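Quick heads-up: structures coming right below.
Next come two complexes built around chain A: one with chain B, the other with chain C.
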Partner chain A sequence: MNEQVVLDVKDLHVSLPSMRGVVGAVNGISMQITEGKVLGLVGESGCGKSITCLSLLGLTKEEGWVIAGVAKIQGKNLLTLGPEEIRKIRGKEIAIIMQNPLTAFNPLMTIEQHFLETIGSHLLLSKKEGRNLAGRYLEYTGLSQPSKLLKQYPFQLSGGMIQRVMIAIALALEPKVLIADEPTTSLDVTVQRQILCQLARLKEKVRTGILLVSHDLGVIAQMADEVAVMYCGCIVERAPVERLFNQPLHPYTKALMASKPKMQKKTLQAIGGQAPSLLNFDGGCPFFERCHEKSCCCSHYKQELVQYDDKHWVGCAKFAVKQRMLYYEPA
Partner chain B sequence: MSLLKVKQISKTFKSKNFFTHKGRVVEAVKDISLSIEEGMCLGLVGESGCGKSTLGRIILGLEPPQSGQVIFQGKDFYKTTRQEKMKLRKDLQAVFQDYNSAINPKYPVKMAISEPLRNYLSLSPSEEIKRIGELLELVGLNPQDMHKYAYQFSGGQLQRVNIARALALNPKLIVLDEAVSSLDVSVQAQILNLLAELKRELNLSYLFISHDIEAVYYLADAIAVMYQGKLVEIINDISLFDQLVHPYSNKLLTSVLPSHPRFRTDSCVEFDELHAKPGNANECNYLDRCNCKEQLCFQVKPVLSKLTEGHLAACHKLKEINKA
Partner chain C sequence: MGRFVARRIISLVPVLLGISLLTFVLIHLVPVDPAEVYLRLSQIPPTDEAVAVIRAEMGLNKPLHQQYFDWLWKVVHLDFGKSFVTKKPVMAELLYYFPATLNLAAASLLIVLLISIPVGVFSALYKDTAFDQICRILAFIGASMPSFWLSFVLIYILSLELNLLPAFGRGTLAHLVLPATTLALGAAAVYTRLLRTSMLENLNQNFVLYARARGLKEKLIVVRHVLKNALIPVVIAFGMTLGHMLAGSVIVENVFAWPGVGRYIVSSIFNRDYPVIQAYALFMAVVFVLLNLFADIICATLDPRIRLGGDK
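After this line comes the complex of A and B, so read on.
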């Protein structure tokens, strides 16, 4: 296998202090992003997807936040770098596409200034070279007349166009890892399809590893090579995409798939109840209360991913090692 | 007789530059006619900015149209007296997308639900509380929740409260303006199930406005596709859904993401997006993005015409197919 792991996250924890206790936003997730592949991260809102993304980029350094774990990119641990060091990596090695394209841009700067700011802080280029580079990448994303576009302001562009510009800026420095945090959620269905196409095309060109965060299983089915299902700050299942859709193991994954309308009139199987509060998370099974397949041993189960087979990992008591279950079972 | 009949309504908005007083005219809704039968759900799909919500607001009586009629229960809504309007409004309710801003955060939710009750019925306080409890139970909440405030609910629960309020006066028609769009997948399924169930039990009619074709397919009995303020296709029977033929409807259908990686399509869709531009009055609206245009499309604007029984579309190409 010549698959090169470009970003290796191990046991990432993010906890935020609050008035009533510690909120465990991310509770020990591990993932690997390989070069030229897309890892889809899927989960409901509030399950910690975005916090994961932001903490990987070092954008969550607020007072009191505790970020633990290891996130290695080219041998460097992103989580322990100082602000100046991470600034050098951010944009060049690891870039991000935000959910809301319009608020991610400065309304007072033209598209060209946005490009030059990003490019200029990493490469020593003249303005003209920078402009050429920007134009080239804008063309890659399928935008016509890049020279005209560069002189425009963000508000003059439509949602789909500005999202393309964001992708172009993010990929202009050919980062090893691209984090796409719900890149199409705020867009129309027709535009969404086009953006996803462009993203797939550019991925082939630049050979970036993409972490694609979404709550839409359709986006994941279309784009991802491997999927990690996230629930309450934990990854509950991880598998190659075909495998996950053919044979979901975790009850949450199954429920999530059943609850999506799929061009049929059958009654949807909604997940009853709602996600538990992450306040003072104790490490037990977070899906316990909503689960249809729970058994007596579930309440003693400590959430962890176990290997089901070669590439399929699942965090459910049913698949945990038998002996360990016996050990936890009350006498 | 149909419950609601919309006859050739149009609405334009004018924007005016503060300094130059020069304005741009946006035709949000143009010459739209449709009807909703009792117990039926009409799904209205289209991109953002195509006038879906404006049409919903016109039907709700919130936005008077420039021309045309909205006939609800046999009465022209915008031409009747104030008292008549009051009566009609009772049977006409709405659930909006933004569940948070639809409920006053300063009062417990029972105040929100009791407001329509107080406007139309004179219930004693104890009857009112009882009715609110019933309504909350109907939408799957605990009657005790009526004392809670909006911030104490999750998004799905709050949308249920909104639905409870819409149901308070036993309406005939509910306009669901992107009512499930901002909810999570699992919660969205709960709300869609609830809406389908309520429709069956209470014989409600819905106008379900959404950009999510899969959700529309699940709930609707008939479907209307809207583009730039005009209806481009209507099918009265959702089981004929796969017969949508207008190029724009097709585009919407191909944009639906696969439910399984096995159905992945790698064919890349070329970039095209709606450009607001002063169009030529005589050419087809969809001309810029259409991939099967012909000479006729530049000269004559296609009108909505019948293809088969209960299937209308506005495209020159399709009429020929039908003739042949």
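After this line comes the complex of A and C, so read on.
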């Protein structure tokens, strides 16, 4: 086993000011992205998935935002780099595929110009070499007639095509890490499947570590090697994909699995209640209000991931208590 | 692109015909008989016989549609008749005054661009900083100062007190500074704000975030992704302002004794010099139509969605 960790995130916190107080959007998450593997990050809307992605790229540095923790790539901490240093990493070491590909391209520029400016920001290549590189990667993503495509404008392409272009741009510089932030949410299901297959194939080719963000459990089950479940800015459970789907431990993960649509059942099951406001959130388990398995100690429980077994981590008081009991029991 | 321009030019033909019709009708809507005006200006007593002679001479006895076609035929050949006052051809008169106005408009345009583009860009990039606040206040002052007041203040300070620039007339480059500045400041203030708003709107676009995520340099993002997109609404609005400038600023030209179209047309209106008024109205309409065409062409070069809109 020579699995190399390409991006190591430890205790990432992002808090942002608002009119009514400080919002803790990301509260101490840790994850490792391994070369050639896919880490799936699932969670409901507003749980901090996108903010996590953007803060890794240093794109959340607005006034008043506080970002703490360590995110190491090749020994460098992304969170403390200067603007020029992080710029060199964006797109080159960590590339991103965004949601809503149609709005992510500048409507006034051709696909070729998007390619060339990206390549030109990181490599010293002539226009011709850049064009060849672009054409090659467009072919990898299954797009025919790349030379014609390069001359076209974003509005002339369909959603699926433009998402492939985005993947091609992301992979053209052979990044160590690829962040795919809901890459298929705006696409219809057949195109979604094609794109995912393409992504899986290219992952093998380029040996990139992928952070796949989604709220779609189906996508995660198909793509991910390991899954982290996010809730209210915390990772509540982390396990290899089969393990997580077969034996979820955290009550939130269980509730998520239960709310998957099933053919036999007519009504969709939802998780009752609402996620708590993260405004001035003062600790305790964030899932407390909605949990079916809560006990008296849960409201004071400081959420942290504890190791359940060698590959399975969970952030629930039930398991934490068990761990501590084991720890304190005389051998 | 060629097809887009051709389409736009063809669509101008009915517009221009409509304008010519309106301009022609204009003179028949005024309650005063042009023949009478002509006689008065020529200091001939307007007796019934004299009026009848002049009406026949001017073709006012013919049916209206025939008068229109006669007039249109002449207009197409750039013959707008003769001024009632000077008895010279209107076209020659307009061509005599127009270069001064063009000169003033071009200088103002340059000042507007030199102020509004950098100030608009930087006040968007440094939003809510002291620089932005100062520019905001200056823009409000600039936009709300009436030009007659501003021109007198400028003359008082720069000409009378400091004796730096000539107060009126046309001749050297120095003569141009005060009227051009007066004409430009108001527009510059408006366009600074417009560009700032447009820049801010585009800075929040998803494609700017994606450009940053691809590791582009900030300068490149601002120029290529933000400014280029932000300029489109500004160019469209600017076509109109430039039209107003070319129409000749009545106040500025009068205050600075600038021998332009604006001053000429005011005296013509006082004299009820109908051929001049008619020619001017038509001329200005054509100027506006053409400037809009240019603005559209510039936008089409900037924005492929306009250029290729029809043939996807």
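To be clear about the criterion, the second predicted complex is superposed on the first by the 316 of 331 C-alpha atoms of A that agree within 3 Å, B and C clash if a C-alpha of one lies under 4 Å from a C-alpha of the other, contacts with A are read in each partner's own complex, and residues count from 1 in each chain.
One rule holds for everything that comes next: a contact is a pair of C-beta atoms (placed from the backbone, for glycine too) under 8 Å apart; a residue touches a chain by one contact, two chains touch by 3 or more.
Everything numeric in this text was worked out from a predicted model, so none of it was measured.
Colleague: Please work out whether A:Lys76 is in contact with chain B alone, chain C alone, both, or neither, and reply first, second, both or neither.
Modeller: So A:Lys76 meets neither chain B nor chain C here.
Colleague: Is A:Met109 in contact with chain B, with chain C, with both, or with neither (first, second, both, neither)?
Modeller: The second partner, chain C, only.
Colleague: Of the partners chain B and chain C, which touch A:Lys10 in the superposed model: first, second, both, neither?
Modeller: A:Lys10 sits against neither chain B nor chain C.
Colleague: Which holds for A:Lys254: it touches chain B only (first), chain C only (second), both, or neither?
Modeller: Neither partner.
Colleague: Identify the partner contact of A:Leu57: answer first if only chain B is touched, second if only chain C is, both if each is, neither if none is.
Modeller: Second partner only.
Colleague: Given the superposition on chain A, which partner contacts more residues in chain A: chain B or chain C?
Modeller: With both complexes superposed on chain A, more residues of chain A are touched by B.
Colleague: Hey, which residues of chain A end up touching chain C in the complex?
Modeller: It comes out as residues 54, 57, 59, 83, 87-92, 95-96, 98, 100, 103-110, 117-118, 121-122, 153, 155-156, 169.
Colleague: Name, in rising order, each residue of chain A that touches chain B in their complex.
Modeller: That would be residues 44-45, 142-143, 158, 160-161, 164, 188-194, 196-198, 200-201, 215-219, 221-222, 224, 241-242, 245, 255-256, 258-265, 267-272, 274 of chain A.
Colleague: Residue numbers of chain B touching chain A in their complex, please.
Modeller: It comes out as residues 47-48, 154, 156-157, 184-190, 192-193, 196, 211-215, 217-218, 238, 241, 251-252, 254-264, 266, 268-274.
Colleague: Provide the residue numbers of chain C that touch chain A in the complex, in ascending order.
Modeller: Those in contact with chain A are residues 205-207, 209-218, 220, 224-225, 228-229, 302-305, 308, 312.
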